[in-house]
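I have a structure I would like to understand better, so I am pasting it below and will then ask my questions one at a time.
Should a chain be cited, it is by its letter among A, B, C, D, E and F, assigned in written order, with residues numbered from 1 in that chain.
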């Protein structure tokens, strides 16, 4: 029972930790790291679903017949590289925010916005 | 025998994680992460033998080659405040 | 319980532990460093789940790039940052509800490693057993990536390309 | 310069063969192209510069490796014993070790060998000395006796030192 | 051959464990580096040598040897850079306090 | 105590970087037989360039990998990929259906996969390098 569902449960724990960081931390860079954790949890979910008991890596060898499912691997492989590229885009946006507000703390940014609206 | 070595490496990883979490200085964390890289190389190499398909040494080799890039980057950031600054002669 | 199961379970536990540590740390530089350990662990996990190509990518990306890009961002905003929090209660309630819904959902999932799960029933056997003849290369992941699903991969490369354009638009200097 | 690039290409090609293990003409020619490309890049980046040619693997290497391995085991056992000992008998200190005759690469190899043996590691380096952090005073004295320095000097080819002048 | 591999692997794991134990026990950063050094040097060397005895495939032996070679190159360098940065940092802090 | 980068670090990196560059190309061309391919190779190549930048400074790195040329490579890889698709259409097949490229379908598949993996590798490497440069220049 434990081993049957453990992967999915850890995926959920990781996903929730990522989610918690995103909604509860005010620092934008930490939010990006939270998103990375969330992203990795999804990767693990996909890869876990592709695993077959007794299977090995899907690189064909004459002596073996049971392989894990290659399809999730293809999806996640490209997703990791795309993930880095989008993380970089997020970091670029944070850099611009830092130039505009002098801070990457959400509370400070909101306070400045409100001040400007009043003025 | 691979099993005992693998379990030893997993215990090593746990302790290193503890060291990285405790700190106390940034350098302790970097040291823990650097050693964690070594442990990962060993774990992946061992796992190749456990599954009787030891042709995945490429991943371990990759870590052995570029694991220290991020260590150098942290130290550079710490010392110079920037990643691409040239050294002062 | 085989040794593969034990490795799988302990790596997952270590991953969860490192994520919890990450969540609790307040020093930004320490958070970035810990995310390096997180990436090393997930690469190890991918190897143990037979996804060697994915592990390879994660190894290259995690060891070489993600940390360095985050450090580049910290160089911009200054390294002496600590993290402040919003209120704690509301986020906790939100994730508790989401987590319980998701855990309820997992009980309907096929059990881990089940060879009769629906995911293995449709195109996967065709890729595994005919790509050897049709494409003629042993790494099935490469033949699916580059040949059967070449159109998707073109899209992914285009996304990476677009991200670079976006970064250049946001950060690049005007032409001299 | 051309000679250096050719030697670099040759060494890189050996590395390629060791990595690849495939001997089809297509992959061999791709490998040769890759090696030429990397050798050209290294030349442009001034990476494998003439310094590295000084480190010839001469007949002293088979003598050096077993000696170094035994030193490694000894120092490992020493540090392990100190870790396991309940009182932790350590007196960390920083001392200096002279390095006059080595070439640039030789200095780097020497410093790395010092670091590889637990109990001592190189903490800073300049043209005359390596600063060494050691776990006990005895370990530093062993290094200052200069056995390792002599053996690494023997690894460097003699022509190197004249060409450096 | 198999028995030699056994001994090497077990010794290697033992050294790795002792090294990390030292990482927890030693009081300050500069001595902890020595403890971590055990994992990086003899621990890794013995485990990789132990693995080499367990296979007949030449390509895999070569790759394990390459892993060993590159680890022995990059490991000490990273440790050196780390220790140097820590020393410089400590010196900076001292001069600021004065 | 100068602010210079340590000699040991410089020498080791000088030795390691060619090995990483060669390893990237090895991964690029052996994606058919083992783990690897364009995505990984591109990232490893970029990591080598970044390592060089860390040790020798951005100015020196940009003398050999100038941002203006890297920017061209960002587009070039994607264009190479798409061009394969267009060529297959011109030769009477579907978009990215490599089997029309040569007479023997297996060889044609090999050729097609080789070229598009090259395109992927070039784009990914160039994108990662250009993003690193952009973030780094912005921190000044």
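Definition applied: a contact is a pair of C-beta atoms (placed from the backbone, for glycine too) under 8 Å apart; a residue touches a chain by one contact, two chains touch by 3 or more.
Given the structure is predicted, the values throughout are model-derived calculations rather than measurements.
In terms of the stated touch criterion, the partners common to chain D and chain F are E, listed by label. With centres defined by CA atoms alone, the chain at the far end from chain D is A.
More C-beta pairs in contact connect the chains of B-F than those of the other pair, out of A-F and B-F. The most distant chain from chain B, with centres taken as the mean of CA atoms, is F.
Between chain C and chain E the centroid-to-centroid distance comes to 28 Å (mean Cα coordinates, whole Å). Separating the CA-averaged centres of chain B and chain D is a span of 21 Å.
Distance from the chain C centre to the chain D centre is 37 Å, each centre being the mean of its Cα atoms. Centre-to-centre separation of chain D and chain E, using mean CA positions: 16 Å. Along chain A, residues 56-57, 59, 61, 77-78, 80-81, 84-85, 88, 91-92, 95 each make contact with two or more other chains. Residue positions of chain F touching 2 or more other chains: 1, 6, 8-9, 12-13, 15-16, 19, 23, 27, 33-36, 39, 43-44, 47, 50, 56, 124, 127-128, 131-132, 134-139. Residue positions of chain E touching 2 or more other chains, listed in rising order: 19, 21, 33, 40, 59, 63, 66, 70, 73-75, 77, 79-81, 84, 88. Here, these are the chain pairs in contact: A-B, A-C, A-F, B-C, B-E, B-F, C-F, D-E, D-F, E-F.
Across the interface of their complex, chain E is touched by residues 18-19, 21, 72-73, 76, 79-80, 82-84, 88, 90, 92, 111-113, 115-119, 121-124, 133, 135 of chain D. Listing the residues of chain F that touch chain B in their complex gives 2-5, 9, 13, 16, 19-20, 23, 27, 34-36, 44, 47-48, 50-51, 53-61, 132-133, 136-137, 139-140. If you check the complex, the residues on chain B that touch chain C are 2-3, 6-7, 10, 13-14, 16-17, 20-21, 23, 26, 29-30, 32-33, 36-37, 40, 43-44, 47, 50-51, 56, 58-59, 62-63, 66-67, 69-70, 73-74, 77-78, 81-83. Residue ranges on chain A touching chain B, taken from their complex, read 56-57, 59, 61.
Residues 52-53, 55-57, 60-61, 63-65, 68-69, 72-73, 75-76, 134-139, 141-143, 145-147, 150-151, 153-154, 157-158, 160-161, 163-164, 167-168, 171-173 of chain C touch chain F in their complex.
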